[in-house]
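Per-chain numbering from 1; labels A, B, C and D assigned in written order.
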Amino acid sequence: MTQTIKAGIVGATGYTGVELLRLLAQHPQVQVAAVTSRGEAGVALADYFPSLRGIYPNLYFQTPDQADLAACDVVFFATPNGVAMQEAPPLLAAGVKVVDLSADYRIQDIATWQQWYGMSHASPEWVARAVYGLSELNRSAIAQAQLVANPGCYPTCVSLPLVPLLQQGCLKSGAPLIADCKSGVSGAGRKASVGSLFAEAGDNFKAYGVGGHRHLPEIRQTINTLQSGVADGLVFVPHLTPLIRGMHATIYLHTEAGVNPHALLAEHYQNSPFVDILPAGSTPETRSVRGANICRISVQQAPQSEVWIILSVIDNLVKGAAGQAVQNMNIMFGIDENAGLNITPLLP
Amino acid sequence: MTQTIKAGIVGATGYTGVELLRLLAQHPQVQVAAVTSRGEAGVALADYFPSLRGIYPNLYFQTPDQADLAACDVVFFATPNGVAMQEAPPLLAAGVKVVDLSADYRIQDIATWQQWYGMSHASPEWVARAVYGLSELNRSAIAQAQLVANPGCYPTCVSLPLVPLLQQGCLKSGAPLIADCKSGVSGAGRKASVGSLFAEAGDNFKAYGVGGHRHLPEIRQTINTLQSGVADGLVFVPHLTPLIRGMHATIYLHTEAGVNPHALLAEHYQNSPFVDILPAGSTPETRSVRGANICRISVQQAPQSEVWIILSVIDNLVKGAAGQAVQNMNIMFGIDENAGLNITPLLP
Amino acid sequence: MTQTIKAGIVGATGYTGVELLRLLAQHPQVQVAAVTSRGEAGVALADYFPSLRGIYPNLYFQTPDQADLAACDVVFFATPNGVAMQEAPPLLAAGVKVVDLSADYRIQDIATWQQWYGMSHASPEWVARAVYGLSELNRSAIAQAQLVANPGCYPTCVSLPLVPLLQQGCLKSGAPLIADCKSGVSGAGRKASVGSLFAEAGDNFKAYGVGGHRHLPEIRQTINTLQSGVADGLVFVPHLTPLIRGMHATIYLHTEAGVNPHALLAEHYQNSPFVDILPAGSTPETRSVRGANICRISVQQAPQSEVWIILSVIDNLVKGAAGQAVQNMNIMFGIDENAGLNITPLLP
Amino acid sequence: MTQTIKAGIVGATGYTGVELLRLLAQHPQVQVAAVTSRGEAGVALADYFPSLRGIYPNLYFQTPDQADLAACDVVFFATPNGVAMQEAPPLLAAGVKVVDLSADYRIQDIATWQQWYGMSHASPEWVARAVYGLSELNRSAIAQAQLVANPGCYPTCVSLPLVPLLQQGCLKSGAPLIADCKSGVSGAGRKASVGSLFAEAGDNFKAYGVGGHRHLPEIRQTINTLQSGVADGLVFVPHLTPLIRGMHATIYLHTEAGVNPHALLAEHYQNSPFVDILPAGSTPETRSVRGANICRISVQQAPQSEVWIILSVIDNLVKGAAGQAVQNMNIMFGIDENAGLNITPLLP
């Protein structure tokens, strides 16, 4: 008999929340049992998100108190930073598995986390037990984990192509490693803010966070875990581009002599259904992954140069957030990693 | 044992073609057996549409000759107007079922068709046998049909809310019936044209075809079939709006005294999974149906006026084209009408 | 010697404020002397709006107290509704001319205004003395006015084509008069709001305010001033479309027998530099007026119908707000009506 | 008495053509005397570009034969590559000054040009006499030139911030010099092409031309002119972003020890009205230059790194094309360099 996983979502009124609801609706083994929102308690999901009309006919937002989250098999935190570190531990203590889509458990070094996120960490003991949920990197640890720290969107997009190179020690130590990244506006979340208005972010392109973005220490941590001497060369510049969804990383790197990154990535990911290494000469486009849990990557060598260029695209709300969270849940429960994630991207 | 339907697609390099491929990929009872394109014969689908990488690994575009369309159970024509009227009859004669997404078989009156489409009709005998595929209107006839003329996007969006009113004779004869419609740019198809360039259609809004659009006689035909004296009042103005997908009809109408269109529509469509009548006071938005085979409709009365306002939204490529085509196929083969169409809209 | 007009702007951090600053920068007879913002007092304009770097090198936002507005010749209020009715009267008493871009002085009937705007009016005595600033309608009264109530964007776009027909009594009394209007998102202003986010308003189209929008009584007032028996037929439905700037009205109307609206409008506006009646068969597009103080209008008759269709486009921030405000200022000061407004639209 | 410059435009139906027409309309010393287009000969400009209604009331497209270009003081070529090299020499021989907005005269090395552009050069003798029109670099040579090769958009955006560093030999020889560039879609021109359709380029982001773009040798040439040993490190990756107008370069570079690029750029450009060095810590956005002939540049140091990051934005149609062409014309004729170019950017 097929297992049914009872899932709860904390903070489901944002973009990662509604995306979790979209993905879980088509998951063959999940029943969404509880969805919380302090601000919208009592409101039917379908009234808040008309796209969900008919999908969850009997589901209403509840306060975290009303919703019996401890009765769930898994709880997703789709909350602002600082919530999960407070609210996840009691659930974990009750034996619930947790996938945290916020940043609370991503950084192992508490001091570093506190410096970048500007708060005291409320449950450092759980940081030590959390597994960083870059699914393709930590699959076996995730399978054993009770708490998964779902990676940030930029770290996912940048790290997936780097992991195989780092694991084999192929990046040149001390050389620059530049990640020029571009994100759609949904990455800023569904909260009122002038900078994310259509009339501000539309028909406009700009860099931001050049002096330091919270995803920088997260990428550094992954690099340092895999190859030493490389993270110091990392330069990370995020940009805002007028997409609703979509993220594109253009990575400039130097390898040790004789390395062919394309062949290496193609071999490494040949059995990973959600990482797609494109044929030589290709350039991925963000819409080729729209709505799907896929990272597409191409590798090119700059003309007359020793610099390698890696182009990596994800949907920031799927492989960059809710999709990877579902993938991690599948791994945690030992079910088919693809369950609920066989999605053809929406094009055009 | 579950039936597997072998499907062919003629002209699959356009937007309705790739959308059919997206929808059929997740259809539990369909196998896409042949996909044709004269221009791209020999090219792997995944090379032409990177969004399909991994979805149809062994499928290549073929010329119509190479592809054994007659061996299919159903063939979809996603071709420019004028192709299906030439190429469908031999398949029909061979017993294949056909869903034509072009306009070739939509208009029963040949003279009217020839006037609006500017060509001689090549198979008028099949026009007479074609069933107009507005699924919710003609469900039982579609179930018996060998050839279904899939409706245009505007006619679908405008007719679905009108059908129940017309069937009960509720529209006021001789009164104006105004359909102010707005379409996303994908409605113009995937062909090179200056007017559809990003730098032309982006950040721009305009009417077009005010003096006469080909979907006008199609809407008139549906109206005339259901209630006389109403079509003469029809005014139809399409507009181009900077959406990729999405269509919105704002319909202004006069009813006979005592009619409550909201109650009437809600009752009529209570068992139709793909027509969603919103609660009183709602306004549908196009993104609430993005990627899904749904028409959402709301009914409002203009303040201090006897005019009723009906707001109707579809995804022009789904309920307005490929989705309705799959729905019609389901009906034609007597399988679950929802098969392959349980899709949560992509929001944001 | 050429007169120099000292201008002040109250509330210049919004879209109409920055648009006034753009237009006045190139006005040959205006010196912007004071710009106020409570929230940004002390900040250089160029630091707040980088587009203004080098344009107003010595101008800083001030609090209304710091800025000596009473020393200005004219003060523009680019404030939320409810501010000008409080802060304009002292300036008016001091002899300053005022152009109010908010709604405070637009509606002559105080009870109606209070009902729609939900506040008590603080200076009803100045409502009676205010001139409604639809420049082409009230040119001579504006020339004598001390206080001009600058019209709303929808009322400008809808009323300009109707005025000549109403003045000659050409609209059919009792017939429907439908204004289906579409606005870009900047019309909602530059304030944080979820509904105006790029990821909400982008790639989306919807109606809003169907049950009643504040611009309805404003349009009705203009109609009633000019022809009786017509306003009751008015139906006004605004829609939000993913444009940054731009507004399009599609107006469906019935005339008395024998009226040719196209000829009538062309003659009426032949000497109005900012109203452009297009040749027969044209359809205006919003980008053809982007950044310019122009209303372009075309007139078409619906095929096989007695309904006339009028298409009217403006840039909501220019002819729909700041541009018309400058035009009114020019008229108030008896200088060239075109001064500062000879702008070629930005296309593409 | 003020000089009036008679100007002709060859190939004025594209985006750089209509942008020249917009800019020249407000130029106090230019009269547009002839505008050519083979395809649209006989059509009034205002009928082709409704944004120009009322601006050039008596101007019609002519064939190059009909238009007396030799009677102009200056002729702009806004033509596809390969036209100016054929049609400019007779005009030059007749003493007309020419600004070529195409690539025909940009590359001094004929073999390199022929390799990248895939044609034989028809007038290499004029290549030798052409001055590369990066206005701020070659101001004095432009003042003497009869033929100016207007730079490409990417080379303008990338070279302006590099010039001062190169001139002082500040870039580290042999180090990587990475120009990650993003362009709006109008850069692809106003010609029918599938890739530039709204439904293709909208809501999408991708790199292109990674293996080699025609602007690469142009940027290399500028670098080599100024500092040797640097061009070999150049890596240039262009991306397409869903903007109508706008270009953003993110440049990663290494300097010799002790160099402060920010101070150096600020000093170098302090008297250049069209290059704006932003305060430390700023990030420019493309909309801050929309419609204006400005390049805004900021300089930042990557955190914990020796890499400098330069962010540079232009409007690709203005400083990247038509605006710089007018600036060059001003310099060629010895008039105020700002004439016709005092434009406040359009924001939002």
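Note that in this section a contact is a pair of C-beta atoms (placed from the backbone, for glycine too) under 8 Å apart; a residue touches a chain by one contact, two chains touch by 3 or more.
Predicted model only: the values in this text are computed from it and were never measured.
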More contacts between chains, B-C or A-B: B-C
Chain separated most widely from chain B, comparing mean CA positions: D
Geometric centre distance via CA averages, chain D-chain B, whole Å: 45
Separation of mean Cα positions, chain C and chain B [Å, integer]: 39
Chain centre separation in whole Å, for chain B relative to chain A (CA means): 36
Numbers and ranges of chain A residues touching at least 2 other chains: 15, 184, 186, 190, 199-200, 202-203, 242, 244-245, 284-285, 287, 290, 348
Graph class of chain-chain contacts, one of line, ring, star, complete, other: complete
Of chain D, residues touching chain C in the complex: 15, 18, 21-22, 25-26, 49-55, 186, 190, 202-203, 244-245, 273, 276, 278, 282, 284-285, 287-292, 296, 342, 344-348
Residues of chain A defined as touching chain C within the complex: 15, 184-186, 190-194, 196-203, 242, 244
Chain D contact footprint on chain A (complex, rising order): 176, 178, 180, 182, 184, 199-200, 202-208, 210-212, 216, 232-235, 237, 239, 241-246, 248, 250, 252, 254, 281, 283-287, 290, 300, 302-305, 307, 309, 311, 313, 348
